[in-house]
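Each chain carries a letter (A, B, C and D) given by its place in the written order, and its residues are counted from 1.
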Amino acid sequence: MKVKLLTYTPHPIKAVFTAARSCYSASVPTQIWNEDEPKERMHSLIDKVIAAGHQSVLEHISLTFSIEGISRSCSHQLVRHRIASFSQQSQRHVRVEEGEWVVPPSIEANPSAEGIFQAALGQIYVAYRELIDLGVHPEDARYLLPNATKTNLVMTMNLRELYTVSGVRLCARAQWEIRQVFEAIREELVKVDDLRGFASHLQPICSHLGYCPEQKSCGLFPVKGSPSLSEEGEPSP
Amino acid sequence: MKVKLLTYTPHPIKAVFTAARSCYSASVPTQIWNEDEPKERMHSLIDKVIAAGHQSVLEHISLTFSIEGISRSCSHQLVRHRIASFSQQSQRHVRVEEGEWVVPPSIEANPSAEGIFQAALGQIYVAYRELIDLGVHPEDARYLLPNATKTNLVMTMNLRELYTVSGVRLCARAQWEIRQVFEAIREELVKVDDLRGFASHLQPICSHLGYCPEQKSCGLFPVKGSPSLSEEGEPSP
Amino acid sequence: MKVKLLTYTPHPIKAVFTAARSCYSASVPTQIWNEDEPKERMHSLIDKVIAAGHQSVLEHISLTFSIEGISRSCSHQLVRHRIASFSQQSQRHVRVEEGEWVVPPSIEANPSAEGIFQAALGQIYVAYRELIDLGVHPEDARYLLPNATKTNLVMTMNLRELYTVSGVRLCARAQWEIRQVFEAIREELVKVDDLRGFASHLQPICSHLGYCPEQKSCGLFPVKGSPSLSEEGEPSP
Amino acid sequence: MKVKLLTYTPHPIKAVFTAARSCYSASVPTQIWNEDEPKERMHSLIDKVIAAGHQSVLEHISLTFSIEGISRSCSHQLVRHRIASFSQQSQRHVRVEEGEWVVPPSIEANPSAEGIFQAALGQIYVAYRELIDLGVHPEDARYLLPNATKTNLVMTMNLRELYTVSGVRLCARAQWEIRQVFEAIREELVKVDDLRGFASHLQPICSHLGYCPEQKSCGLFPVKGSPSLSEEGEPSP
């Protein structure tokens, strides 16, 4: 899997700050935009606004990622997020080549399982090619292709939705592959000076809530109402 | 494949009529709702409003379908529609049983192809079961499962989005399986007295536009600007 | 102000239950729909699912309200919610009549203020009529009309979004008028047997979180991390 | 009114091209992104894709505008567009100052009307200030403020939605003020080399359809099915 931030809204701190200030200011947005406020002061206001749950100002920041070499299981989960834009490689039009498979770590770690997995993939690929050689259109031959088949997407998501989705997809209950996608997305943000301050908010939902909303916790935060929540106001990790 | 309309907004004609009239009337919506307007007159106003492209009033009608036994190829396409709600059977939690496959008609019609297809599916299923017997979690074993694997969804979509999506998915360029889903949806609407009048608007986009927007037409309507468009004001099918 | 539930998805408990069960069941949705599960058992599963934060199943329930006699200040706030459908009375096409104003309680309670308010409204109305008599089109004459002017909307919202929006609009920081709208919406749900169980979840966001996300609390719940949060696991109201 | 493009997705031609090519290519998006394709060739592919109605690739381009000094009538219309992000100056928190009004051209052109309009605005403003001096909170005093009151917004919209919304708001049936907003938006795009090629697609919907969908045309294009549509394949303006 490879995740790469292709492009994003320039001056993201200034853009969010301008949007936030415009709501409460007599000044017009172009004035606020042109003020020479230091980044630290802008980010400090932004952090307060977000902490208070007023995240809509984050929607002005758009981020476009290349997500390459994920399985079709993972892409099927990914495109369920509706406040985002996806352009995905089409199995109807692009033929799949041998060896383009994602292997789950639990299978890779188990030699017997991996043997079965790889042998079956080999058989599938032979049959897929035979169907195409018989004149079956790729869009129908692909009915044989496994979930493990690799796919690529261009994904654009705004920063508010990235917060929300990360809350769900960085949770230990999410499947390992989509969790890796959002960990890689967070690493991409960390690499950019003007996005690093936002990246720290990309966290599983428990770390926003201060408790685990599920019935059973992974251990990071206790479930709501459990005794360990009561000890020090802020639950321990 | 089985498509069944489970439930829908009651009094759909009255609901759309009330919404449409409320925009241009001094009367409050409850007054309009309680008027005893005959259905034909209400539908006649609705048809004019829709013909003029003011489709937002259709959003007040919500329809919930059970869509059963479609392939994961088809469900991956279906859930790309973002103005809709889906609850889909999870391959992470539900084990797949033997024989739960969708066979494309082009393969069914070709005995050699079908032989290859069915043999490969048999091998996949054996390997899937072996992985599970080895203790691999179903959410990882499923990486072997083919696109042909059947899945079920509950889908809720409003009537405006159903018009828009049908425009794309009833087009001859859509894949056969998702086209069947939307043909079956249209048939479900035809069965209900109060929805029949809306069902006739579920058509490929060319029949709304009067021309084919693609570079090459399926023959139903000529492409935009072609000579056959000019003969009689309204293009022939 | 008058709020009236015009229509809603029939069998809402069964619809949400079917959607929730379908995700984890080998049974197809029509089977689950046709099972004769008692409502209490269905609601008990639904409550668990919602408590765990998996609210997407609530999207299958659509509710259509008539909202009558609210101010244009309030409607301007209301239509900011984007996962909803609105058909609003048009000031471009419908002339406003005298006396169609909303008076804020803080003004009503203050005789000097109310005198000023009513006198100004009278002057505005006279000027509005004079403009129309001079041939100014209502869509331009209305530039004089105040925020207090009454308007009507038909609003359709799904139950998940109604939860989310109620979290914000039932908060003490929301303006009194839109808070009244969502209190009236909740009362409408309480009147319907099959919706009453859902109505109890329409609460300000603090009662979901267990703390106030704002910098200063109204007193209902303490702000996050404050000492009173630590005493008994669950904060006191 | 002042409209200013504050920021937008950098490399918009390359971003749309990469998204479009990725769907039909075996290459991964980062490869396509790094190819040194000339802009003219990229734009030529994009234009074909858009002409065929496949506009989703345009969603990867996000544009953020400052919209200053429009009336609250206009902002109420503007925020009805749901696939967009708005941060609007709050009348609850920012006091309105004298003279911050939008005057419709039809009133400005008519001295008697303008006299009535300005006099009424003066009376409103005096009453508004008196209410505030009496201790009425600005959020309630503003119930007196007219639709003409100026407001500012930061608006982010993706390029696909900008096409769709321009189709409606550049139509002669849209009100003059919001039409001016979208004309100004188009002019902002024309000023930027990499956006100019997209700006030409911001047109009233009739110019996309080749006919007027309304019952009565403004004259730009004939209504659907009218004789003048039939003469030369492509209707004359």
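By our rule, a residue touches a chain if its C-beta (ideal position, glycine included) is under 8 Å from a C-beta of that chain, and two chains touch if they have at least 3 such contacts.
Computed from a predicted model, the values in this text were never measured in an experiment.
Peer 1: Applying the touch definition from the top, give me the chains sitting in contact with each of subunit A and subunit B.
Peer 2: Chains in contact with subunit A as well as subunit B: C, D.
Peer 1: Give the chain pair, either B-C or B-D, that is connected by more C-beta contacts.
Peer 2: Ranking B-D and B-C by C-beta contacts puts B-C first.
Peer 1: Kindly point out which of A-D, B-D or A-B repeats the A-C interface, defined as over half of the contact pairs being the same residue numbers.
Peer 2: The pair repeating the interface of A-C is B-D.
Peer 1: Starting from the mean Cα coordinates of subunit B and subunit C, work out the distance between those two points in Å.
Peer 2: Spacing between the chain centres: roughly 30 Å.
Peer 1: Which integer distance in Å separates the CA centroid of subunit C from that of subunit D?
Peer 2: Roughly 28 Å separates the two chain centres.
Peer 1: Using the touch rule from the top of the page, what residues of subunit B touch 2 or more other chains?
Peer 2: Residues of subunit B never touch two or more of the other chains.
Peer 1: State the interface residues of subunit A toward subunit B in the complex, per the touch definition above.
Peer 2: Interface residues on subunit A, with respect to subunit B: 71-73, 75-76, 79-80, 82-83, 86, 91-92, 101-104, 106-107, 110, 112-113, 116-117, 119-121, 123-124, 127-128, 130-131, 134-137, 139-140, 142-148, 175.
Peer 1: For subunit D, which residues are in contact with subunit A within the complex?
Peer 2: Subunit D reaches subunit A through residues 2, 4, 6-11, 15, 18-20, 22-26, 28-30, 33, 56-57, 59-60, 62, 64, 66, 68-69, 85, 87-90, 93-95, 97, 152-154, 156, 158.
Peer 1: Which stretch or stretches of subunit B touch subunit D in the complex?
Peer 2: Residue positions touching the partner: 48, 51-53, 205, 209-211, 213-215, 224-227, 229-234.
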